[in-house]
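Just passing along the structure, written as structure tokens.
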Amino acid sequence: MITLLTMLGIPFFFGLFLCCNRNITNRKTLLSIVSLGFVATAVVTVFSWTSLLEQEITVFWLTQNLPLMFHLDRIGLLFSILALVVFLCAGFFSFSYMEHEKKERRYYGFYFLVLAILQGLCFAGNMVTYYLFFELLTLSSLPLVMQENTKEAIMAGLKYLFYSLCGAYFCLFGFYILFQNESTISFLWGGNLLADSIVAHPVLLQVAATCMIFGFSVKAGMFPMHGWLPTAHPVAPAPASAALSAVIVKAGVLGIIRVIYYQFGAFFLQGTKVQTLFLSLSLITVFMGSLLAYGEPVLKKRLAYSTVSQVSYILFGLFLLQGTAFTGSMLHVLGHGFMKASLFLCAGAIIHLTGKTRVEEFTGLGKEMPILLWCFTISSLGLIGIPPTGGFLSKWYLAIGALDSEIPFFSYVGPVVLLLSALLTAGYLLPITVKGFLPGAEFDTEKITKKEPNLWMLLPVLILTVLSVLMGILPNGLLGFLGSVFR
Amino acid sequence: MDIIRNFPAIAILLCLFAGIFSSGLKEKAAGLVNSCLIVIEIGLNLATLLYTISLGDSFVYVMGKFPAPWGNELRVGVLEALLALFFCVIMFLSMWGGKHKLKDEVDPEKTFLYYVLLDLLLSSLLALIYTNDLFTAYVFVEINTISACGLIMIRQNGRTIEAAVRYMIMSLLGSGLLLLGICMLYDMTGHLLMSNIHEAILTIVAEGQYTIPLLIMIALISVGLAIKSALFPFHAWLPDAYGYSTVSAAAILSSLVSKGYIFLLIKIMYRVVGIDIFRNSHITDILFLFGLMGMIFGSLSAIRENDVRRMIAFSSVAQIGYIYMGFGMGTEAGMVASIFHILSHAATKSLLFIAAIGLTEVSDGKRQFIYLTGSGYRNKMSGVTFTVGSLAMVGVPLFSGFISKLLFSQAAILNHGKMLPAMIVLAISTILNAIYFMKTVIRIYTPVPNSPYPPMDLREHWRYATALFLFIVLNVVLGVFSDPIVRLISNGLAMLG
Amino acid sequence: MGANLLANYGEAVAMILFAIGFGNLLIQKNLIKKIIGLNIMDSAVYLFLAEKGYVNGRIAPIVVDGVQSVEAYINPVPSGLVLTGIVVSVSVTALMLSLTIRLYMRYHTLNLDEISTQLRKEGL
Amino acid sequence: MSVSLLCIVILFPMLVGALIPVLPFSNRKQMELYLFAMVVLNSLLVWTLILLHPAESLTVAKFTGNLTITFRLDGMGMVFAGLVATLWPFATLYAFEYMTKESHEKVFFFFYTMTYGVTLGIALAENILTMYFFYELLTLVTVPLVMHTLTREAILASRKYLYYSLGGAAFAFIGMIFIILYGDTISFTYGGVLDLHKIGNRVDILLLIYVFSFMGFGVKAAICPFNSWLPQAGVAPTPVTALLHAVAVVKSGAFAILRLTYFSYGMEFLRGTWAQQVVLAITSFTIVYGCGRAIKETHLKRRLAYSTISNLSYILFGAALMSPAGLVGALSHLVFHAFMKITSFFCAGAIMHQTEKHYVHELDGLGYAMPKTFTIFTLSALALMGVPGLAGFISKWNLAYAGIESGLPLGYIGVGCLLVSALFTAIYMMTIVIRGFFPGEGFDKNQVASFQDPNWKMLLPLCFFTVFILYFGLFSSSFIGFLQSLI
């Protein structure tokens, strides 16, 4: 109990401390406090991973039959690792990026709060706790989106808030119905529905399932409700949008996993209309996302659209309700997290150093910052799914899972759409590297000066790219870890 | 202890003689005679009431020596004595309340005639209540009409004379029909005393003769008395008559005069025709319908009114509609509710008139609402009284209006057919009452920063202030201690038959 | 229906007169005509009442040359009532006439509606 | 002794109120002290009464037949009386500060304290006649308060309020008569007093009359067709709108309906009948209508008034479910909403008092000038939205639980309306908060430099309410357990 509270408490305390007192003036003390906070959080989280695995801790009772209960299982651990790594890298990256930004103290304050809440989210043991942290996540990530304080940023923030709240209330509606018909409230692999309620009113339960999945898929940027993602993510400062795209979007994914596999049970949703509905929705989003990204001139918007399509890869894998597809989507969770984070950080570095935001302005960038652009290239290769990187592995498992899931229509259409969108991904990511390294004849090379980003910016990007490549090369440990989850 | 038996006869004759006697006196002396007459009347009726309560049944008092079929007689029960006492109290308070305004309303040498008319009015009222003979009832109805018309006219400005003429025309129509009804009754039964007529009618109905003439007779008498008591379709004369007469006259006219006729109709229903014959002649349903319409349209025209006294006059059309709705229900509970409403309406209406006069007095004598703004602050006592009166009219608990509304609804629920219309109309008319009364209350309490009109200091008008205070006390007594009064009414009603 | 209407024609005439009087009092605009209508109505009722007391072949209830037996005379009670009725209508007519004179002196018209329009102009 | 306390508690504030114009106060300070002491004393009396919890009743006056004015403290009465007793001292403290700027406050406090006694009268009424008596008295006592500023629209607003209330009471009167005639006793007994053989075949008429009286009392509880008086009454000074429209007037309307449904007609008689369908439909519609109008409203106080309309229909929705769980949900929302709404009204009042700004678009950047007020306002906004961890979630949870448990199709629709209104609440509350804290780039600090937080007299009540909301958000199981024990 103590380790859990410290694990959640330390980032929370740092966040509040930074938010509330106004007398931290010079940047030096601020950065030292923030780095201290990062180190402390990392240490405590790693320690709690080891000691708290598979433990059920009830903190207190909200009402007689609604406990706030924490239980770290393998899936939670996976998401927690992703969240910690991405947040640390983005955090160190923002040290230099945030130099000429206003209200830095508030930014770091809320940054810590979001980290604390994300950890809480991963550790949540029942739907009420999950819903509590899900809603707090929206509220605390709002200031990050509105950091720029421009009119456009505020409107994007409001849109983000209202979409997420609408999603949250959809899944609350589903949970109200579910609460009456479930045996135990905590997550249980294979579903915790009452046998007689499945028999009594299956349609009602399917409606509840649809509402909850739809609610969480709003956060994951699924097709009908993806409007907020392309407006909210690019508006935030680069490290924040990296965190948003790589991790906060995954909160919706984790929610859907909990609902499908831990509340209703894969067996209940097998072959129902719910499954076909969401399979088709995810495929539409995959294709539509990469199509929109292809046509987008601003780099950060393009990466946001790519997030929409990549996350729907994961959702597609989940809705197949099939073992290998499940492992494939879990791999993609991690892979996409690292790669998208490094892409956003590279974009941030480019904007920070050269102020260019549109893709056609990147001619000759390779000469100015070669290492950065190499990392960008490797990550985009991973995202496209070229073999050595992690992206290939997850797409491979997804395709295989889709093929032997024997769902009448989707088992072959699925892999075709995945391949098509992989092509489109290459279409919108590779031109940047090509223009960067091979500027073409009339570009006068001697005028450019070396503008490599300083170490604080470069190191996180390097770490993330190495991790994404490592995932592709040495996957056995990870696969073994994931294999034991799907029984 | 049978000296008290002839108190009712003494009461009636005393008023007549006081009227004749004070016609010769000066203005001040006539006023004195009138006030002490009313005080004596209160004493006499109170004694009669206590006597009849102890007796437990009504007693007959033969006028002169001639026995039943020929002689004239009075029949005194608990209900009659209670009503007589109540009317005398209301008259005393209204006189007391309106005295200070009398000086500038009636020119000095005519005031003694004013008191003569009042004495006659009181005598006719008491006679209507006590008499057991129909033709005497008719004669005193005429005396009542003439003295009421005199009271309307006494203020001598053009308006009142025109109002008096209209009043006379409508009343004479009513009494013409009443007289025709009485003659037909005499034709069928050969008697004029109520109790004898009743036995004759029972035999007629038993043999099944005269069904149509009986129906026509009942219709004539009810319509005649309805016209005289200003029921809805025949109420055109009422606003002018009450709106422009003198203060105490308006109070007395609105609360007592029409009630006298209504009580005569009750006696005819119970003692002459018998309540069940009256009910299955379906006249009660027509009265019920007129009552309902009166409640709605009376209040609607009151809302449209711009002059406060005419507004109160129209509201009494609505209240009379309540009473006839009570008759229309045909059940004993409906009758009890109507009689209680007679008492509560008499008390509230005269209170409202006297308070309204106080308000107009401090607004430079003008009656339109615009001038009345803020008059509640200038004349504190009449402001409070007017508020109490409006709350009673709207039926807020603690005042008499609430109890009568309670009794009406309980009566309405018991008979199945008329329940829903009665309840809905009751609710709607409460809302309409609330609209026009509360509008006025809010208006008199919106302060005008520097109003040109002088406030009225109550020390100088102590008589007026005490009258208002007594009115409020009467209203609250009716509202809070209504249980004994309702019990008196119900067993008085049992005796009436 | 026609037979007994002829039998007691007195009541029928009374009813017709009553209708005429009632109509006049109600509809006529002129005040004097209203008062005339009133008197017609009252006398019609008294005719009806007197008719009630009449018994064929008997004489008025005034004791003439010592005949005391009841069968000789008609029923005296309705006649008594008619007397009181006449007293009442005389006093009412007197009051109405005096009111009409006052109105005429002020407004120089006998039409009730004109009087009320003049009143409204005065704005009393 | 404790029985007579029932009557003392009601008459004492009336006496105190009556004495204000009479007692010779040299200055405002003395009057305030006297008044505050008396109000606190009366609240303590109420709490001692609740703790003693005398079972027997006290008859004060007798009307005709079996109609009496009697007081008795039962479970529900305890809840409402306790709520009023805790809120009134703070509201009075707040009113002192607010009334410094208004004129002739003697008359104001005269009626203000009388309302205290009358509301307690409604809470402690033992039979329907006493409740009706105090219900009418409440209208008469509160009209002068609404009319206090004596401007043109104040008079129009008070007039409209008066007509609506008296009209409503007229229709409720019919319901009362039916209970007097068809019930075996007129006093409140849980489970209803109607004896069926007396009713015989007139069930439909009785249901129609129930709907009439529901609408009658509903006028004060601002249900849909009759709630245009509530926003207009926002013209009155803030302590009046806050206390009356958050606690006393509208809550007594809802309380009367709860009494009518559960303690006079009885839920067995009404469950499953067409009357219940009608009532459920009306309340669900009002829930959505109220917050729909709130979004469009730019005037701050009118927006909160519309939000009250929708929140009140939560309570009525709970009542209309005709089940013990429904009553628990309704009572919990009655209490929690009172605290949440009075906090937001007081914050709005503080803003208006300090900055004379009435409209939402004028509130730019006030979050920095008045940080304490705005953070408390944000907290009350979150509570109203139903974020778990605050009081709003608990009452919404109980209501939804009852709604689903009732199994009626309208129950599900109602729960859907609850969530839609939660989303709308988020929209109209968070726009104010975001405008306060994120004013957009065209804003400079010295526009709001002159404003600062109100003094302790206004802040103390706000802090207490916030603590209450937080406490009952986290540890509400004891309170909900108490509510369940009432049935």
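Note that the chains are named A, B, C and D in the order they appear, and that numbering of residues resets to 1 at the start of each chain.
Assume contacts are C-beta pairs under 8 Å (C-beta built on N, C-alpha and C of every residue); 3 or more make two chains touch, one makes a residue touch a chain.
Computed from a predicted model, the values in this text were never measured in an experiment.
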Starting at chain A, figure out the least number of steps needed to reach chain B through touching chains.
-> 2
So, in whole Å, the Cα centroid of chain B is separated from that of chain C by 28
Roughly how many whole angstrom separate the Cα centroids of chain A and chain D?
-> 44
At what distance in angstrom does the C-alpha mean of chain D lie from that of chain C?
-> 69
Calculate how many whole Å lie between the centre of chain A and the centre of chain C, each centre taken as the average of the chain's C-alpha atoms.
-> 106
Which chain A residues reach two or more other chains?
-> none
Among all the chains shown, which pairs meet the touch rule set out at the top?
-> A-D, B-C, B-D
Interface with chain B, chain D side, in the complex: residues 61-65, 67, 129, 132-133, 136-137, 140, 143-144, 147, 150, 155, 158-159, 162-163, 166-167, 170-171, 173-174, 177-178, 180-181, 202, 205, 209, 212
Residues of chain C defined as touching chain B within the complex = 18, 21-22, 25-26, 31, 34, 38, 41-42, 45, 48-49, 52, 77-78, 81, 84-85, 88, 91-92, 95-96, 99-100, 102-103, 106-107, 112, 115-116, 118-119, 122, 124
Write out the stretch or stretches of chain B touching chain C in their complex.
-> 70, 135, 138-139, 142, 145-146, 149-150, 153, 157-159, 161-162, 164-166, 168-169, 172-173, 176, 179-180, 183, 186-187, 192, 244
Quick one: which bits of chain D touch chain A in the complex? Just the residue numbers, please.
-> 382, 385, 387-389, 393-394, 397-398, 400-401, 403-405, 412, 415-416, 419-420, 422-423, 426-427, 430-431, 434, 438, 440-441, 474-477, 480-481
Seen from chain B, its contact residues with chain D in the complex are 391, 394-398, 403, 405-407, 409-410, 413-414, 416, 419-420, 423, 426-428, 430-431, 434-435, 438-439, 442, 445-447, 480, 482-483, 486
